[in-house]
């Protein structure tokens, strides 16, 4: 078995394709199993992957460069494009970094609405993931349902913020309007649908002999790898690590909400899926709590100085939030002008899809590659930005 | 955090301590002392999580600033370690042996800023830009708008500033 | 007057840089990848590999037959499942239960050989453009391109990005555009409906246009894609 | 009956079965869609797809074997069907049933896939190669329980002629193999899941699990040919199963109903499960179904 | 492999008997939500083309293009959207100062691409190019609670009313640095004000300078077009603020107070140093008649061009109407002197107490100087033209104010009646109030028609001044106890001519009266040209009221230029300053052509 793997020299696998022992295979960027627009360069021996390299950059737009030449208010429409399926974390973090540097506090009601926004988008993002995860193992039925439910959540967003995908709701200084009338009932209806769906998923996916046979024991992340690879979020929690930014470094109003950190211990694809399934329930409960307790009146945003020539005091800061993939952070450096000096986006997909996936993929059957990839829940646009 | 800074100052040459928030501080360290400092923080001070590694281009003073952001999961505090590099010869020690994902960050920095990390696996390989032949793009002296306008086909804008337009139209002689 | 207009004006003043490539090479000697390969360095056989083989325009069949064929084509549009930009995120709702475009006889196909519609989802980076051109050339005619999102039309919000092209129709012929950021799935469906109409009317001859203006398209592609060295695809 | 008339009639029956097979595919797609919570394509969609594929203006070929692949494949499909009597007693649908045709048919089932393997190999795409490898491996695996089940039938009915097997099941519903030899039927039905390539045994043509399957490089009329074959082949297999295990059909209506019902079985399972990996499915076929098949033989031998 | 795990997945079949998720999008388009950010709409009747949408758009989506239909206070431009660039962030809607820009909930726009350049097709001017979503009611509008602009101006600290009615101390205190920066920060830099300002001051630029705390730069910018910023910063009629983009939904930027802040922030001694520029001496002389704002302005620019300038003023101090027509509580003399001193320091020779036609003849000036600039101003009060106007106790506002400036405070009595609705009337009324009288203002039209500054009227109310509107004076009679009875008739407003402002028409038979001690008439000003005698005027053509001149102030005699109130008849300082500047340039080009 051991001679199956090519020798590693200087951190690189050395293989001789001419020997006929190995076959090089590209997956992506237009492969339907790949999470979005990235590609994998796989060296396989038989059915087994002996070396894996991720290639990213297909979606690179140079956000960090573009933001250096845009005013702060003009960064706000562009940050949400950094992560397409879950834009709201970006919006919040950009606003939070700015507010931190400017030393301003947003109104209470805006905090609640921001939290609501993030939790709803968490739900949408997880629904998208569950579609991908089941699809990667060939269970199209669940994928179809999941995407439909995600769309119902997007409908809520549309009604609330005026857009399906890029909500651009969390503006620096607050939020962009309250919830429309009667919207709460729609939310409840959708949540009930999602809950029913989650029960169905439990029956159909988690208690499925075939799914179990593929997911259990696949891509095990041992607890000692967590810090070495910088693993965060549900991926880490699947390995029994009790960490959640929402609890550890509470932001917005998470310290006022009632929830627990969901974990599993096995560290395999199944455990990670289970963690996310639980977190979807958690998100639903949080949304209900927020809608019940959220203040209905009060200011929605504080008035910033004229946004056309808004200057942020010089300094640097880092703010973080828990996205569906784990810790998401913005590192912002300001030099006191109307343009940000540097904004670095720390996306969890970055370390997950590159270093971790390359490590985990070795030894995995090629048919399981995408199941493994999906279980890390990475979104390529946030890797290359 | 201040306490940590004091403690670290005994062993390392630190400067520019800034406490942004009670749980977040930034400090600058000498280039040679970075790896010992990071190792010390990781192994002794439980700053086990490398949050991010990024660079800021201070073109005016001809320096790159590398920021290593570490997180402590027990105290939930972050410390940002800044290192200043000479912009003309940006070379830095690699830390991929401390954290695996660092090699990806370093690879990106090499590509985007032209900062070299000798010994980091695959650091020379292009990561995001394929076949890019210009200067490293994230450097501030690279003007992306200019490049874009020169390289790609843009629709010619036909816009007027109200002030100038009104002058031309209403009082051209004044 | 904004900075951008100034740049624009300065560009207008000086003549069109005819040989950008040589300019760049002499001016900026930053990094030359040892793998970098320009098309001119390839042998004819290799150029064939890299899909530089010249496509030929194909005449439509005899009238009524072509009409029948067009009817079938328009009712069986297979989309290449290649999410090229953020617009791809609306492709998933489209092909799943909520919008279910399988009702229109559309379905995503995993391989360009079998697909007939290429949906460009917005902005296209240079790296992706290479794959797009390749995938487009791998598709079998008649093939259609639907470009959604404003980025595909005129660069969108990435108009000043160094890494995205600003208009897709310079590189491959586009039959239908749908604007929006994102366009809602319904708008995309409207785009497909429009495409169907065009096909039925026999107007969606992008494939032949590409073959006829092949040199122009290739020149445009080569102008922005500096490195033609595809990762070792060798089939 | 002259040879020419017979030939004509059998081609007519081939035409009917092709249309039926494709319609079945369309209906199944519709059923799939309903379970997935959507409306699904019209049931005539497979026909349009075939027309569309043949209407393609260009097609890429990688050599003579690549070209012959789909031809072999459809030859396998037609061959399979041609030796199965679709409707007992019907002149038109009796086809060329001869003695020992069970084995002939089993050979033909294999034949198409082998031809495909050659063609796809010529295509040179690693995805096809992997898909073919998976397909052949899985096929070999499901052939085991199926072959065991057929042998059990041979033992049971003392014949290798399908017509005779069908004849033996006439009279009462209780004469069906389903009731007389349930073990063999279970083994065969599980094998059928693999044969129809629905979940959980669809990894061969799975787009997500790396390869898109053998047809990766096939396009245009090649693909049209393959799609046509999918209609013929599926229907032929269903007819075979109907004949072997469900008492055959004495008129065309019962043939349609029975094949549809048998097909529904794999749909019923397919929509509920993800896919097995190849080695999992091989392991699966060689375990319970193979055991059941062997048991069926043993039971009848005793 | 547990049996449960094999059976449980068949749960999926439940869904087959439930309603599908699919919506029928294929036949009808589902409308976007009521607040959907769809395609743009622009209410062109509200749009002023300020370009803030183009300014905030990071995508260069919005081009400002000219349109044919325009209105007052409108740049004549309209935003044109390029849907090949837009990202539907709706920042343009949020910032729109007039609220004209909104979004519909339409979202489908499909174009064929093979036969045309769609980049042009996807450009459209909402409100001008007809689109099917034009009348769409729903769609994104800026939420009420959400505002990017600062619509309310920073309140200007005033002297409390009690204090101000007893003293002539300047009542407006002026902005502090923080306040000024904050107020300047509200500006969106559209520049519509620049066009409206008679002097075309570069208002956005100096507001920007204030925002960036670059006072000296701001002062330089102001002096480019206005050499009396300290004066204008106090008493300008500020037409700029009327058209300010922010005034459409909120309050205009306090442009006047910001100007005042700028000039107040620099000490007079530093002017020379800050505004120092290279002056190329010219060997030509210019005479200026009248040291009012027009004359001073012309003098300043001529001096900067290097000419030697002599000003002839009939009063004993410079400033003209600024000094003698505007009471001290609005324009303190030292603020005015600061501006004037700087001009004098540049080398202007001022001849005080020198009335042309009496002390020196116009002929002499004409002969002695290379060019003459006349800006004598409207120094005569118009007559009421009613019975009893000549009774003692009936004063003219202009003379009254002048007397107060000279310190000759007339005996007003307890009750004062002011007739007229202009600034002079208000000044007279408030001055009288400060002198201790009860004041009633009588005006022919309605309050909204009053030409006086709105603020002045409001402050008048604060100072307990009574107003009577729609009152047409009939006659003044002397009462038995030596007081004056003013008799007027009520009027109603009638629209006599379409497009003009309504005219007051007396209601038949109405007659009311009021008894006062003093009546101040302030119904207008005029001038005369009796002082212009001699041969030199042979070439000058006189109109009914004015000397005929082109827009540069150049009369039919190439040497003679006119400016100020006598020329533009607008009777405000900024117009006179603008005239002075314009004529200075005309004089310059005339003299240059002479040299060649």
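Per-chain numbering from 1; labels A, B, C, D and E assigned in written order.
We adopt the following convention: contacts are C-beta pairs under 8 Å (C-beta built on N, C-alpha and C of every residue); 3 or more make two chains touch, one makes a residue touch a chain.
These figures come from a predicted structure and were not determined experimentally.
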item: Chain labels contacting subunit A and also subunit C; value: B, D, E
item: Both-way neighbours, i.e. chains that touch subunit D and touch subunit B; value: A, C, E
item: Chain of greatest Cα-centre distance to subunit E; value: D
item: Taking each chain's C-alpha mean as its centre, the one farthest from subunit B; value: D
item: Interchain centroid distance [CA atoms averaged], subunit A/subunit E, Å; value: 55
item: Inter-centroid spacing, subunit E versus subunit B (mean Cα positions, whole Å); value: 50
item: Inter-centroid spacing, subunit C versus subunit B (mean Cα positions, whole Å); value: 34
item: Residue list for subunit B, restricted to those that touch at least two other chains; value: 128-130, 137, 142, 144-145, 155, 157, 159, 161, 164
item: Shared interface positions of subunit D, touching two or more other chains; value: 33, 35-39, 126-127, 207, 271-273
item: Multi-chain contact residues (two or more partners), subunit C; value: 4, 81, 96-100, 103, 110, 127, 154-155, 157, 159-163, 167, 181, 184
item: Pairs of chains in contact (touch as defined earlier), listed by label; value: A-B, A-C, A-D, A-E, B-C, B-E, C-D, C-E, D-E
item: Subunit A - residues contacting subunit E, complex; value: 70-71, 73-74, 76-78, 141, 144-145, 148, 151, 155, 158-159, 161-163, 166, 168, 171, 174, 176-178, 180, 200, 203-205, 207-210, 212-213, 299-301, 303, 305-309
item: Touch list for subunit A against partner subunit C, complex; value: 24, 26, 29-32, 36-37, 39, 41, 55, 57-62, 65-66, 69, 77-78, 81, 84-85, 128, 131, 143-145, 147-148, 150-152, 154, 164-166, 381
item: Subunit D-touching residues of subunit C, taken from the complex the two chains share; value: 55, 58, 68-69, 72-73, 75-76, 81, 96-98, 100, 102-103, 105, 107, 110-111, 113-114, 116, 138, 140-142, 207, 235
item: Footprint of subunit C on subunit D - complex, ascending; value: 29, 33, 36-42, 45, 48-49, 51-52, 55-60, 123-127, 207, 212, 215-220, 223
item: For the subunit B and subunit A complex, residues of the former touching the latter; value: 18, 20-21, 23-24, 26, 48-52, 54, 56-57, 67, 69, 73, 76, 78, 80, 96, 99-101, 103-105, 121-122, 127-130, 137-138, 140, 142, 144-145
